[in-house]
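The structures come next, written out as structure tokens.
Shared chain: chain A. Partners: chain B in the first complex, chain C in the second.
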Partner chain A sequence: MSAIAPKFRFSYFIKSILDNAFWAVTLFALIGIPIMMVLFFYFNLPVMNDKLTTPYLMLTTIADPSRQIPLLKSLIHTDFFRITAFPGFGFAALLAAATIFIERKMLAKLQLRVGPFYCGKIEGILQLAGDGLKLISKEIIIPAKADKPIFWAAPVLFVATAAAFVALIPVAGGGWVVADIDVGLLAVFAIIGFFPIITVLSAWSANSKFPFIGGIRALHQMISFEIPLILSVLGVVILTGSLNLSEIVQSQIHYWWIVFLPIGAIVFFIAMLAELERIPFDLPEAESEIVAGWLTEFSGMMYGLVQLGSYVKLYAFSALFVVLFLGGWNGPMVWPPFPEEIIKNGITMGPITARFPGLPLLDQQMLNDTLWFVIKTMGVIFMVLLPRGVFPRIRIDLLLHIGWYKLIGLCFVNIFIALGLLYAGVLGPGGIL
Partner chain B sequence: MADAVFLAISVLTIGSAIAALEVRSLIYGSISLMGTLGGVAGYFLLLDSPFVAMFQIAVYIGSIAVLILFTVMLVRRQLIFFKVEDKRRRYAGVGLMLILMVALGTIILGSGIKTIQTDASPVNFRTIGEDFLTYYWPALILMALILASSVIGALTLARREDMENEQRTN
Partner chain C sequence: MTTQLPPGLQLEKVDERIMTLNVGPQHPGSGHMRLIIKVDGDYIVSCDPDPGYVHRGEEKMAEYRNYIVNIPHLERPVIHDSCNVLYPYCLGVEELLGLEVPERAKYLRVIASELNRCVYIQYWLAIYGIFLGHSTMFMWPAGDRELLIDLLEKITGARVTHAYFVPGGIRNDVPANFEDMCLKRVNYFEKRIKEYAAIFYDNPILISRTQGAGVLSREDAIRLGTTGSTLRASGVDFDLRKKEPYDAYGELDVHSNVLKDGDSYARSKIPWLDMLESCNIIRQALQKMPKSGSVRVKLKPNPKGGNDEVYKRVESGRGSLGCYIVSRSQPEPYRLKLSVGSFRNLICMPYLLKGEKLGNMPAVYWSLNYWPVEADR
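And then the complex of A and B:
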């Protein structure tokens, strides 16, 4: 019998769950369904089975799976779904969560530890959920002399900026991107420019030494590595003749740009590590020198938001590397086609035959594209995580020296290689390859 | 729709410009300055030139506003600024600005800008690039030389002979 809940019985626990379920169902039937009926009149409902859906038909989908599939299909092609779920934030956050788990487990293996082990029986697979619950339930502490509006806004803005970055990344062919704009690459750099501002403002607003030192370091680092970051992709832009990220991917259908511009890819990768504040460039949050750098004063879910934002940013940068240098979603067709029998005959289980008109939900090409994109992105993320187990932290003067002298020089070498290939008539618009 | 967006952007731009001048806190002032510059980027988006808008954001918000923020944070402002509360200066400034705006407005409205067709297709940025490399090439080379000389000048000014490699000799 525990001290926290002295009268605990398992039957009480079951009873409370049943009670809650009863009230949820009752309230949904009495209040939720009428509100849904009212709200459905204001939405543009899709056409199902050659009939415009009315709110009454909409409610019958609860019982009829043959109506659910067209409904799902129309939902998948809405902007709302794109922004929140698939090419947008939900997908990125899912990959970011996977990244956090893989990072902890992989680092442990590299250093001959076991890593997360006990949560969820199998290799600590539920550790992440446990950490999330812990962060949500912790108190948010704000320093007494902090500048409160900026301090509150900074984590939210960080996540929002990372999500805006994700919105520009094309995941699969056929328009699977939230914002497909002509100047996509420029928009990416415009968005990257917001990260140092948010970092330094949050560091200043905490009104504490360690965050401020970390913020100033982050500002130095991000500003100086933005220049090689931008210059290193100029080669791709010169050879492609386009700033649209989808067009850049389509131009790599036969060969990847990393084959012709390896220097640009390496410079982009190093600058990416610095922008992401990953080891060996993690001076802004150097935990052995300045506690946690600009994250020192964040607690509870504010810290969680900043972590979420930084991992979403990690996904977005890795995806950008894949889009620019590794051919994006291009790859051989390996996804199996949807079985014809289910489309024709439905699923037969004993005496019951369930027919699903409207299948398949997503076409084979798109699933294949997504598979290749995710495989390549996870590969790049792995390469970003790997230095953390291997390298020590770099000194700030060496860091700035690398950024300003070596990387920028290499960028110009890369640009001249691209120009040479273009003017020799090998690649680019009207080239022989 | 465009009118509502235009009004919203105008309110944002002008409001944050006034706030950038009037707010006592320098940090909030520079944040308002970012709002103004972002509003200008919004105007460019409304004018169907996303290329210029993205450069406006990347250069003005991403670099210049950050530099201002950086300077404001690293400088103790009591040392360089002192408050001179002079009402007459403020009113003179507001009056001067009003006169300027009215004059500019009459000139612009009288210049026949209303007869410009608004449904023309946006200028492709590839055309801008081609123009730069063909018709306007002297201007491009001049700009490049000015930028290069200013970068070299800045590097020369920032160079310090007295701190030569104490730390990083080994």
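And then the complex of A and C:
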């Protein structure tokens, strides 16, 4: 007798499928369709077949997939899509999730183990989803003496600040950025300045000793490394002559700034590690000294939110490094062009011909830019993750010594190099003279 | 900063600046014990170790069991180092009962205890690595230690709690191809642990953190009665395998590792050098070991000692480990006392941590080669 499912009956199986189908249809009709109607009301819907699309007419796209393409095309160019999905939070969260998976597998390989393995059959790719479900289902415990409103707000603020950081990063040419402002770099540093405040607020509001020490450590660390972080970027600003991040990328069409300003790049990278609280600079979360630092009292999804925020922050910093020093989205064209005949004639699969009016959704240049941007960003993220397998934790006095003595000195060397290149007439604002 | 404080533990001073931290027993950086640490900013004003959370009453238990039944529970204080923990007890009981250990058993005891020392030090090193935030140094020793654990399992039949030594020899002879297997594994193990130098001991961040942290001078090390790696890191050449050779150690060339600095770095390096030395000792012992012969003397059931008392000590992974047995012509010992290295090394912790930075606490604490369960017995 089979031990796997001794009470299995085929009729129960059919019944469960029918039950699920019934609930899916019911919930979609009662909740899904009204939400879609409301959402469509707010979008500028495209003209299809010489008819102005109404929200009601849009529902016919469920039956006719080829009608969805103009809708998607119109959706992609809305601000809502930009903020939530592509250059904004969704894209960043996706890369952050990939980062967590890569970190775990890479560290495991480095340490002669297998890492996540069972969840999701193939090399544990669903481990992150499992961890997320676990965190959501856990109870949230708040210390009795905590300052509750601030304690509740801190994780949300942390994620929100990280998301605001992401909004300033240009991902591809042609305005694929949520907020393209002329003082982009300044805005980035304004947002980075919020992180220590949130950290200290959450640490202090927990009203507990270990978070307090962790918060003070984080404050020391972030403030003393923000100065070299800002100074190291000054060389790029001198050579580019602009604070707009998109213009900084465009100035690197021929040469990346890391070629001329390697010292600045190294200083920025080290300061970035400290800002991100990555090993060897993970003092605010040093578990053998102060339990989990300023994260000690967070539980359940509050902890999950802080982790999400810190990985989104990791993505944003890596992307900023790519934008400033590694030429952003610039790179040779490798994305294959979309075949013309599919756009004109559609794809014939047996008796059915699927037509795609108005393809491609996204142009070839933009996809190529995104590809290069993602490749470079993942490379930088990999370099950020690597020290975790190699270095122990540093001590706070040594950390401050590095920040205040060595890195700031190197920053000035970097600025002198940039000024020298400018006055020697080799390079000038906007790239090669 | 607070003004002059009296030496020792009585450092109670009411000051708003001073914060009391309860490190342990639920703290990830404490082990089965509690450290009451008072900090002024980032500096430790006082440290009061509070062991006793894993007291098992091994010594009292031993008074109600006969000499053979005592074997399995006496190795519990340090299961990773179970052969060495049992060693002084077996030596003592042999003297009480007047047993002569066969030559082959002496060498096999040396091999088993050196293998066990490596297993223990690997575990200790793994925890030292994770205490300093070096996760690779946690995984590598924990993985490489399996190599020797498998070997010990083939010899003794158990992975960690071997109960291999019995009064009068060892419990059973080794399997047929033991010598080749042991040599091969020990050589590979030596190659692996030499790689640790590149990632851990020569790591500039590790050196910057541990060098000069918690310096224990030669005089203080002797005065406070430290032992083992803590003592040898302070420049005192005291290794019982060399000074008071027991069993087959007298016929082997044992080199004792001594460093002069007395800081956490030296204390963390001595056990690693000991592992390399253990590999040498095992190779020598395998060469000199008699190829055949009995490994155990036949014992009477319920053996009784005379009206006698005996004290024997061996060099364990944490230093000198002594066993004092009082016999009153009974099958059970009248009194049994274990003198353990962990407890002796713990005593110097308040002196070392005073005035250190909080970040140095795990680096100094675990470098003392302290095992909480052994200290509590």
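Some observations on this one:
Definition applied: the second predicted complex is superposed on the first by the 384 of 433 C-alpha atoms of A that agree within 3 Å, B and C clash if a C-alpha of one lies under 4 Å from a C-alpha of the other, contacts with A are read in each partner's own complex, and residues count from 1 in each chain.
Please note the rule applied: a residue touches a chain if its C-beta (ideal position, glycine included) is under 8 Å from a C-beta of that chain, and two chains touch if they have at least 3 such contacts.
The structure displayed is predicted, hence computed values, not measured ones.
Using the contact criterion defined above for the overlaid structures, shared-chain residue A:Pro280 touches chain C, although it does not reach chain B. Contact with chain B, but none with chain C, is seen for A:Asp182 once the two complexes are overlaid on the shared chain. In the superposed model, A:Glu226 lies in contact with chain B only, and not with chain C. Once chain A of one complex is fitted onto chain A of the other, the partner contacts of A:Leu398 extend to both chain B and chain C. By the touch criterion defined above, A:Ala190 lies against chain B but remains apart from chain C after alignment on the C-alpha atoms of chain A.
Residue contacts after overlaying the shared chain place A:Ser288 against chain C, while chain B stays out of touching range.
Contacts of A:Val322 after superposition: neither chain B nor chain C is touched.
In the superposition on chain A, the residues of chain A contacting both chain B and chain C are 397-398. Against chain B, in their complex, chain A makes its touches with residues 147, 150, 181-183, 186-187, 189-190, 192-194, 196-197, 200-201, 204, 212, 216, 219, 223, 226, 241, 243, 397-398.
Taken together, the chain A residues at the contact with chain C in this complex read 107, 110-113, 209-210, 213, 279-280, 282-283, 286-291, 388-398.
Within the complex, the chain C residues that touch chain A are 19, 21, 27-29, 42, 129-140, 143, 199-200, 203, 205-206, 208-209, 357-362. Within the complex formed with chain A, the residues of chain B that make contact are 27, 31, 34, 50-51, 54-55, 57-58, 61-63, 65-66, 69-70, 73-74, 125-126, 167-168.
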